[in-house]
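You will see subunit A twice below: alongside subunit B first, and alongside subunit C after that.
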Partner chain A sequence: MATTPNGFDLDDSGRRIVVDPVTRIEGHMRCEVNVDDDGVIRNAVSTGTMWRGLEVILKGRDPRDAWAFAERVCGVCTGTHALTSVRAVEDALKIDIPDNANSIRNLMQLALHIHDHVVHFYHLHALDWVNPVNALRADPKATSELQQAVSPSHPMSSPGYFRDVQNRLKKFVESGQLGLFKNGYWDNPAYKLSAEADLMATTHYLEALDLQKEIVKIHTIFGGKNPHPNWLVGGVPCPINVHSTGAVGAINIERLNLVETIIKQTTDFCRNVYIPDVQAIGGFYKSWLYGGGISSQSVLSYGDIPEHPNDFSAGQLHLPRGAIINGNLNEVHDVDIRNPDEIQEFVDHSWYTYGEPGKGLHPWDGDTSPKFELGPNAKGTKTNIKQLDEAGKYSWIKAPRWRGHPMEVGPLARYIVGYAAGHEDIKNQVDGFLRTMDLPFDAVFSTLGRTAARALESEYQCRLMTHFMNKLITNIKNGDENTANVAKWDPSTWPKEVKGVGVTEAPRGALGHWIKIKDGRIENYQAVVPTTWNGSPRDTQGNIGAFEASLMNTPMERPEEPVEILRTLHSFDPCLACSTHVMSPDGDELSTVKVR
Partner chain B sequence: MALRILVMGIGNVLWADEGFGVRCVEHLSENYKFEPHVTVLDGGTQGLYLLPFLEEADALLVFDAIDYGLAPGTLKIVENDEVPRFMGAKKMSLHQTGFQDVIATAQLMGYCPEALTLIGCQPEELDDYGGGLRDIVAAQIEPAVKIALEKLAIWGAVAEKGRGDDSMIADPSIQRSAYEKGRPDAAEACRTGDDRFFPSEV
Partner chain C sequence: MSEIETFYDVMRRQGITRRSFMKYCSLTAAALGLSPSFVPKIAHAMENKPRTPVIWVHGLECTCCSESFIRSAHPLAKDVVLSMISLDYDDTLMAAAGHAAEAAFEETIEKYRGNYILAVEGNPPLNEDGMYCITGGKPFVEKLRHAAKDAKAIISWGACASYGCVQAAKPNPTQATPVHKVITDKPIIKVPGCPPIAEVMTGVITYMLTFDRLPELDRQGRPAMFYSQRIHDKCYRRPHFDAGQFVEAWDDENARKGYCLYKMGCKGPTTYNACSTVRWNEGVSFPIQSGHGCIGCSEDGFWDQGSFYDRVTDLTQFGVEANADKIGIAATGVVGAGVAAHAAVTALKAAQRKTQTRTEKEEA
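Then we have the complex of A and B:
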């Protein structure tokens, strides 16, 4: 038994459970936990098992193209990486973007957030709480009554509607295509919803599918194409042409009207479906407030959605910026992404080397030299690891720290920072939610809190979209159709050697790209992504990371069915699909499940 | 009325032969044009983002790198009901799992195209981050496109020589030639990594 500097008692004497996903894109992840005789998690180890290396493939490329590479790194938040990249280049070259570009970028970023949040909740995370197989047993009439009680404004609530959905679901399941719902532990007692609540939530799973395909049209309209929309250093690539007949593909009134319709539809969904669902589902799980991890101690947000172009001061950001440490909500620290003493990455437990132990590097001085070795107590071989040794190097993820503290990032972090900073919209939402749920403030530091923050944020972001849409239209009506500043497009106008940083809030948290440009080419590029913060391994001092901490002290109904582990890890919205292998103590594979 | 046809390449261009599908639609749009009822799309790494395109199509033709367990560079064509099964043959990457789910979702929602054709190529190398297509796979782009043109003709879409609509194709900076020529060398940018995925580097 050992206590970490950030206050967790680790005990690795119990049974070890290995959850090993296999995937590509934003990072492979594996997790190992030790459970005691009562099935309670007493030690947690989270590791990224993939060499990512965006940094190294960009060396020598044209900085104006970096966004196109960056948005291929990830399968979900592609546009956010692109935005972060163009911001880094603009910062380095001191390029100001016009007002319309700021509005359009915000609209694209907000649309991406809402899309990500809705899809995450309904299509990736809901199945950790909702049992679609149980929904087949529901009484459609009682489901209709439940629907009208939790959300009187939602029109789709008749018994006939729920009966139709149930029949459709039955047909789908009977045709052997359980596909989407396969590999669930559908008889695990960790599922607590009534059959009617299961049917209601599963029905909304389908409604959300219909909605999400509308939201992404905003990317096609402003980004020219989707998936992988187009971005531009200096602004946005889509021309506006409202006053004349216009170029093909230009933004015109018809397209702007379509965007407004989609925003309206999305707002209704968040208010009448998403938030009521989280409240209704949360009501069944009020006694399951595990998974808070370090959220009650240290959270970080870079902030995003600037009101005015080129102004990233904290007071001008609609998604709040700040850091909270030691659980002191009375003090919100500002965050300086350029200060070499604030954000540093450590590699003592990561498969990299800086040449000397205990060293932390600011991303501008970042170094990505791999060193793959297993600790002396690891089991298995380098190519088939049975069990990691967390006392040694054990992850491809570096350990970023803010002034030495491991930090949680993401919607919950943004909402805690916003709440502590007295952000009015956020405070009202959180207080209202807790009142409805009849829960104390401390309940936010939980898996459920993370899930609720995402729902509340979606609704707030819909209002922000309306705000920026109005701003864009007013500006255009006043005759400003400018969307890009290309004064410094030509590399001959650039200084010989410069550096810059771009940050955003990705749906899953603080994202930063640090760039050095020399002779018109990329000299160094470092990305610190949200999963690096949340999934970080231990650091030199032995502090455990956010994923690791969130699993601590959670009781598992059936240790061989990791429902609780998945529920909490998914609440961070790690953007990866994964397979888990549950190992018995002697290393035999007990079962395999695909995790989303 | 003409069938609404979606021709789509999927995969991650950053992972060597995984980029096969995307490179095929790139090649197709560079060399052939179609009537407006045919959409040629770079589907990239995305999953659910593709649903709106599926909804608007009666017939779907997909190019992808598929691990069939055959010799590298082998093309294999799969149609209709067989498609989802093959997309999940070996889940080497997120987009394969992802696209299988996309099809299942589209079926659940009732907007899956009626006709499906998958033109898959057995990759030689996937675990080379930042790398391009291996020669044996690159050599299959033209044959794959030729097969696609025949299929499209059966579906009533006649291709005309010349540059087609590339508005739904990747940005030029990441298209094959620029991407592969601009790669930093191994000394400058380390290419090895996790031994479980790069076992030859142990």
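Then we have the complex of A and C:
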């Protein structure tokens, strides 16, 4: 037994359970835990199992192209890396974007947040709470009554509707081809919903699948496609023309109407389906308040959605910025992304080397030399790992720390920071939710809290979309149709050597890109992404990261069936392609990679 | 009429609305260039065939292909997954994890030996003994080889599986390798793009289910029905190209009029894809329509062809068609690919003279 500096008692003497692959996430991940005789998790090890090396690929490229490369870091939060990238380049080159570009970027960023939250909850997370096989036992009439009780405004609630879905599900199950539901843990007592709630939620799994393809059309309108819409250094690529000849080739009144329609449809879904579902499902799991991890101690948010273009001061951001440490909600610390003493990355337990142990580096000075080696007590072979040794190196994810603290990032972190800072919209939502659920404030520090924060945030973000849509239209009405600042488009206008940083809040949390530009080319590119924070391995001091901490002390109904592990890991919405692509600032270290 | 109504009843029992189903049938028929008389045949296939097992594996990738797939409007992604295929393994969407997921993988291979489709998203890295992508404690490339061995056919989703994509861009630190360079003894259908268009993805699957055969492929292994013409050939801004009307700077007067984006680096003239016809997200738009040039994301090695904002520089005095056809024939061997006869030769030459003078200077 050992106690970590951040207060967790680790005991690896019990049975070791390995979950690999962890499914229903983006990318590749492994998790190992030790459970005691009562099936309670007493040690947790989370591992990122992929690495792509995008930053070294960016070296030497045209900075105006960087968004397209960075966007391919992740196709799930598609666009958020691109936005972070253009902000980094604009920061370096001191390019101001027009007001319309700010509104359009915010609309795109908010749309991807809401899309991501909806798809995450229904298609990646729901099956940790909802049992679709149990839905076959539901009474469609009672399901209809439940639907009308939890959400009187949702029109799709008739008994016949639920009977149709149930019949379709029945036919599917009876075919013997269970597809995505194959080998699920459907008789595990960890599932708590009534059959009617299971049928309602399974029905919404399908409704959400239809809805999600609508939300992203906002990207298609402004960026031409989704996934991976197009962005532009200096503004947005879509011109506006609402009055004159050729308007059909630009953002015109028909396009604006389409955006408004989608915002309304999305808002209806978040209000009438998503939030009621989280409340209804949460009601069955009120006593299952595990998974808080370090959320009650240390959370971090960079903030996002600037009200005005080119103004990233904390007071002007609709998603809050700040850090909380040691569980002290009375003090929200400011975060300086340029200060070399604040954000640092460590690699003592990651498959990289800095040459000297215990060293932490700010992203400006980042260094990534891959070094794949298993710890001395790992079981298996290099290419057939049976068990990892967490005393050694065990992940492709680095360990970022803020002033030495492991931090949780994401919707819950944003909501805790916002709540602590007295953000009115966030405070009202959280207090209202807790009142409805009849839960105390401390209940937010949990797996359920993370899942609820995401749902509440999506509704808040719908309101923000309406705000920026109105702002865009007002601005156009006032005669401003500008969407791009091209004064510094030509690289010959750039200084010889500059550096910049761009940050956003990705759906999963705080995201930063740090860039150095020299002679018109990318000299250095570093990204520190949300799942690097949340999924980080142990650091030099032995602190465990957010994933690992969140699993601690959770009882498992059946340790061989990892329902509880999946439920809590999924509540972070892990994105492993994001977390594990980090690469050298200068690329020279690649000599350590054997090319065969 | 009665036959259609019977069929409709069957689909209703499965919970598919008549509207979404008929839309799917007619759009599938149209996309494949078939007459409306084929619509019942498509319906018949869906009514009678057991769902084809699909194993969907993920290597080094960003999951944009899965995300695109679930955007499909005709057919709806839920109808594909519930009524057309049996997605027996897909680590991004499946309920089970760890051992239970691995068991589903093995059981599917065992039970449907020679009869399942292997869909590959992403690619295997070969450096560091393959350990830049680990699944189940082993290199992904092992899982890929294992699943490929007994597959009926392989679909290489997107630019990653087809060509390598971004992680294979220079200097390709992990030695990310496209599927066809690792698996050489199976039919492979490449569906390139970053990602591919949703309805192209579901179109390729439903084509195989409906007609019980692989789609006709070009020499690069892409379905000819979606990848045999350049975006430029069918671009609605093409008349502006022919007339020499170009966007000269972002957000200029010409951009607001929807002129041609060639001078802004558009790769439409050298990119084979269905963006300008099928378009994206239920036909809402496509990159050029929304004001940004095509970046060529369905072409092999598009990351390493210079800046996305460099003008296509290999246009010669022979004209766009001649040159692009050469590119097309060399690359794909499809006879007739990219041939778009039009009368505006004079305007075209004028446009090229105008647009290329500076490019050639820059090149020199």
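As a convention for this text, the second predicted complex is superposed on the first by the 562 of 596 C-alpha atoms of A that agree within 3 Å, B and C clash if a C-alpha of one lies under 4 Å from a C-alpha of the other, contacts with A are read in each partner's own complex, and residues count from 1 in each chain.
One rule holds in what follows: a contact is a pair of C-beta atoms (placed from the backbone, for glycine too) under 8 Å apart; a residue touches a chain by one contact, two chains touch by 3 or more.
Quick caveat, the model's predicted, so the values are computed rather than measured.
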Fit or clash for subunit B plus subunit C once both are placed on subunit A? clash
Once the structures are superposed on A, label A:His123 by its partner contacts, choosing first (subunit B), second (subunit C), both or neither. both
Going by the contact rule set out at the top, does A:Gly542 touch subunit B (first), subunit C (second), both, or neither? neither
Winner on subunit A touched-residue count between subunit B and subunit C: chain C
State whether A:Trp489 touches subunit B only (first), subunit C only (second), both chains, or neither. second
Looking at the overlay, what does A:Ala68 touch: subunit B (first), subunit C (second), both, or neither? both
If we overlay the two complexes on their shared chain A, which of subunit B and subunit C does A:Lys217 touch? Say first, second, both or neither. both
For A:Gly392, is the partner it touches subunit B (first), subunit C (second), both, or none of the two (neither)? neither
Is A:Ser369 in contact with subunit B, with subunit C, with both, or with neither (first, second, both, neither)? first
Touching partner for A:Val18 - first (subunit B), second (subunit C), both, neither: second
With subunit B in view, single out which of the stretches 55-63, 91-99, 253-261 or 343-351 of subunit C clashes with it after superposition. 55-63
Based on the A-chain superposition described above, do subunit B and subunit C contact any of the same residues on subunit A, and if so which? 22-25, 28, 49-53, 56-57, 61-62, 64-65, 68-69, 72-75, 78, 119, 123, 168, 172, 177, 179-180, 206, 209-210, 212-213, 216-217, 219, 224-228, 230, 249, 370, 372, 382-385, 396, 577, 594
Within their complex, state which residues of subunit B touch subunit A. 12-15, 42-52, 55, 84, 91-95, 97-98, 100-101, 104-105, 107-109, 129-130, 167-171, 173-174, 178, 182-184, 188-199, 202
Spell out the part of subunit C that touches subunit A in their complex, as residue ranges. 13-15, 50-51, 53, 58, 60-68, 70-73, 76-78, 81-82, 85-104, 107, 125-140, 142, 165-167, 169-176, 194-195, 198, 237, 249-251, 255-259, 275, 280-282, 284-292, 295, 297, 303, 307-309
For the complex, give me every residue of subunit A touching subunit C. 18-28, 30, 49-54, 56-57, 61-62, 64-65, 68-69, 72-76, 78, 119, 123-124, 127, 164-165, 167-168, 171-172, 175, 177-185, 206, 209-210, 212-213, 216-217, 219-230, 232, 234-235, 237-241, 244-250, 258, 370, 372, 380, 382-386, 396, 481-484, 486, 489, 560-562, 566, 577, 583, 587, 590, 593-596
Show me the residue ranges of subunit A that touch subunit B in the complex, using the header's touch definition. 22-25, 28, 49-53, 56-57, 59-62, 64-65, 68-69, 72-75, 78, 119, 123, 168, 172, 177, 179-180, 206, 209-210, 212-214, 216-217, 219, 224-228, 230, 249, 351, 368-370, 372, 382-385, 396, 576-577, 579, 594
